[in-house]
């Protein structure tokens, strides 16, 4: 068993969900690290897109911003938002998008806007950014969150980005281009979605955690299959590659053990 | 009195309607020659735009096509159709547009699409091109036509581009951006539009023609003011400049005497 | 950071034309005398395609060739003529014969239809067309040609034009790499939106450039490879019109073309001589003559 | 062919800020860490502007400065934070205090609102926002925030977002000539549409270039002079964020900024030290220090 931090674990697990040749909306931070790791391992033809306008990016240093010049040299096109969010994403050309959130509900709907009531918000969060667009139109959505009970809620304080909304048929009702969330990766487990109800379902538990740990740490009912496997751990090679990608630990050092 | 061809006369008269500093949709042919002549004489700051994407053009040779590379070098921006017809024209930034037509009615409405019935057209003309867009959205429209009776009709075979439609209030009804036609220049006379009825009105008669000549050569009633001046002739300087602009007579030789 | 293998999307002009089935709908690139994919039109004729529908703002020699040879029968367009020379004679004849149908829009309307298609929304709003016969009459789209509505925000009239999503987009550019990243010099016309609105995109380019060159100045890429299905590289694709920075139009040929198309006999003679009797694009160029072609090459800094 | 006199639109940063009245609506350029007109935000603060409404997709340090200093109170935006570092602390505090209001959209929604404004149509259709609280709740636009309609062509649901036509567009570019023709390197974000949607456009640029240089390669012009009201030329306009091909972001300064804004006291200290106590932009740069600034200069071929 290799020694690794939470961040390393999350990034490595997330990377396994990127398939070769896919068009990936990577953003920055963990998703970027996961996408780059996937490109360096099993998905060399993944096309990494940053919503600011970079297409097929291959940064030699990890970017801090979606608009970071580090995305520029070596990418194959550098355009703008209408291109990435309109012509590419809304047109259904993005296979997988990554999102984080402050709150998630049992259908994978996300809040990145306010904590507290809309009328008197306690905390103004960043807002949608491109999140609502990605959640509406990417074929598949990978959600990455730190696992705190207060984040897995029965009802969102504010509904920013669509998961499976109210379940089967909801996305079709709003003529959404994309398929919605396929997986939620936390630092304790992975969830997927029950195909029939489109409600969140336990997919695998990370080493060191039990099913009960997970159920105790969410505020809604989770579908639990008969057999819940243990999440596959990162390999040393994956960890080494991540450190080569982020030699200064800009992302890896954050929240690491 | 200088000796000049029909084309030279038309171009010179048309050029007088371009004011300094205006944004002009010039096209090719006579309008282009008129715009360039205006720039060389009284309107040096006129901004010549070609709908293919050229802005502030200063061609050293006369272009044959709105997309001609002759517009490129020396212009200040070379973009595309959404820029010129959308961001510039539809946004109300074009002061004056030039149009020709196969038919015109008494409100300055234009046909550039079909001769004959829509169901069984006798002649397919070029179509709108950017003509309808220019007629809808340019602040002022200058129409140039050869003066043949069959072209000045009571009812258009096909209504391609809006003049003053059915008169006062019509353009507002369709929330049109531009003000409609201000002048029609033919090889026999100039028309403007009666401010009250928005119907065509004789403005001036070219040397050698009488008011009766004009009235005989249109198929609708023309408002004739008490005094109809004679159109001012081109100066030798204007003719010389035109020949410098079009040394090979690409436009000047056409239909010349 | 990564050095991945790269797809090579190059095929021949013949192969590219073979992919287009009878009855297909095509966005057609180029504008006026600039970057028209005329070699592709000639190849479609040689392969005897039938029943194509063409979407473009305004095209000239290429439309004349396709309508004249009976390859394309429907046209969602705003304009056709041979600018500065006169009417599009073949189109005029085929329309009068009832063998071709034109659904009339304006240039802005067509450009916005391509933008709407590229954005994958069902329509786009414009302020043109209203009050005219383009609203009153439709050739074959019926009440799906356009809609005039009351704006739900302002109450004013606004025209909605339906987005275009043809089966193929055919465009001609100056340079492309083998994966499909395309660079355009000069004006783009409506080609950026048009390239993105088709279900498949075939890029025809004058010159092949290396992927590394593209990646060293990615802000020069006008069409990213991810949109591109196939790449064709060949010289003088737009002849007898121009390709900015590469060659000027062939005015002599254009005048001959326009003159010959004035009669059906003249057109049939042109068709035989310059299209059917030449085996492929290079034979066409041989027929036109390389000394003549070389005389058309663009001069710096003018680009023509 | 013609050699006309040319207007010189250059004014100082102070003059440019003075043109913006209290209560004005501003499109705000830049995206993320790229080409943010932060020097203009600082100057608005020094001139004690009040009641501005800001329109942008996502901005970071500039919004923090303007909301923190009470210059801007309303925001039609999709995003604000200091990417990779954390929440926008000033915005969080001012919203909690009820001193700032955010009308929430997505990035695509805002970009399309700017495109609609640039096109002078009342709305644009998008496929985002539907089904969420961005449809349910409005901070100050009420039922003019957006409309969800049944598409008159397809019957499907589509969201219409109202076009934005603010009083001013403020954008930052790499190079400009004195008449206003602007060139942008790298990504454009939503700046092309944003620059064209405002009633007046102020272009801030790092470098002045000659008109002849612009006219020798006009396809590099991203914003033609005809849109531009005023031009401001100054170095390091985006500091502490980056300007592609000119300088990198100042991570040290960004971290200090983010840390100081965690408390109102810290923010007030930053406000005093880096904005109010420096007389103008050059004094700010002196305060940051030129040796430090020079260390941020971009290296070829990377652009940062």
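Going by the order they are written in, the chains are A, B, C and D; count residues from 1 in each one.
Operating definition for what follows: a residue touches a chain if its C-beta (ideal position, glycine included) is under 8 Å from a C-beta of that chain, and two chains touch if they have at least 3 such contacts.
Here the structure is a predicted model, which means the values were calculated and not measured.
Any chain that touches chain B and also touches chain D is listed here: C. Taken together, chain A and chain D share the touching chains C.
Looking at which of B-C and A-C shares more C-beta pairs in contact, the answer is the pair B-C. Taking the mean Cα position of each chain as its centre, A sits at the greatest distance from chain C.
Separating the CA-averaged centres of chain A and chain B is a span of 58 Å. With centres set at the average Cα position, the gap from chain B to chain C is 28 Å. Note on chain placement: the centre of chain C and the centre of chain D lie 37 Å apart, centres being C-alpha means. The centroid of the Cα atoms in chain A and the matching centroid in chain C are 40 Å apart. Within chain A, residues 54, 60, 72-73, 78-79, 82, 86, 90, 177 each touch two or more of the remaining chains. Chain contacts: chain C has residues 120-121, 126-127, 156, 158, 186-187, 216, 219, 301 touching two or more partner chains.
Applying the touch definition to all chain combinations yields A-C, A-D, B-C, B-D, C-D. Across the complex, chain B is touched by residues 31-34, 57-58, 77-81, 83-84, 87-88, 91-92, 95-96, 98, 102, 104-109, 111-112, 115, 126-134, 136-137, 156-158, 186-193, 241-242, 244-245, 248-249, 251, 298, 301-304 of chain C. Chain C makes touch with chain A in their complex at residues 1-2, 4-5, 118-121, 179, 181, 196, 211, 214-216, 218-219, 221, 223-226. Contact residues on chain A toward chain C in their complex (touch as defined above): 23, 36, 39-40, 44-45, 47, 54-56, 58-60, 72-79, 82, 86-88, 90-93, 177, 245.
Contacts from chain C toward chain D in the complex involve residues 116, 120-127, 144, 147, 149, 151-154, 156, 158, 160, 162, 185-187, 216, 219, 301. In the complex of the two chains, the chain B residues touching chain C come out as 28-29, 51-54, 60, 64-70, 72-73, 78-82, 85-86, 89-90, 109, 113, 118, 120-133, 136-137, 156, 158-162, 165, 170-171, 173-177, 250-251.
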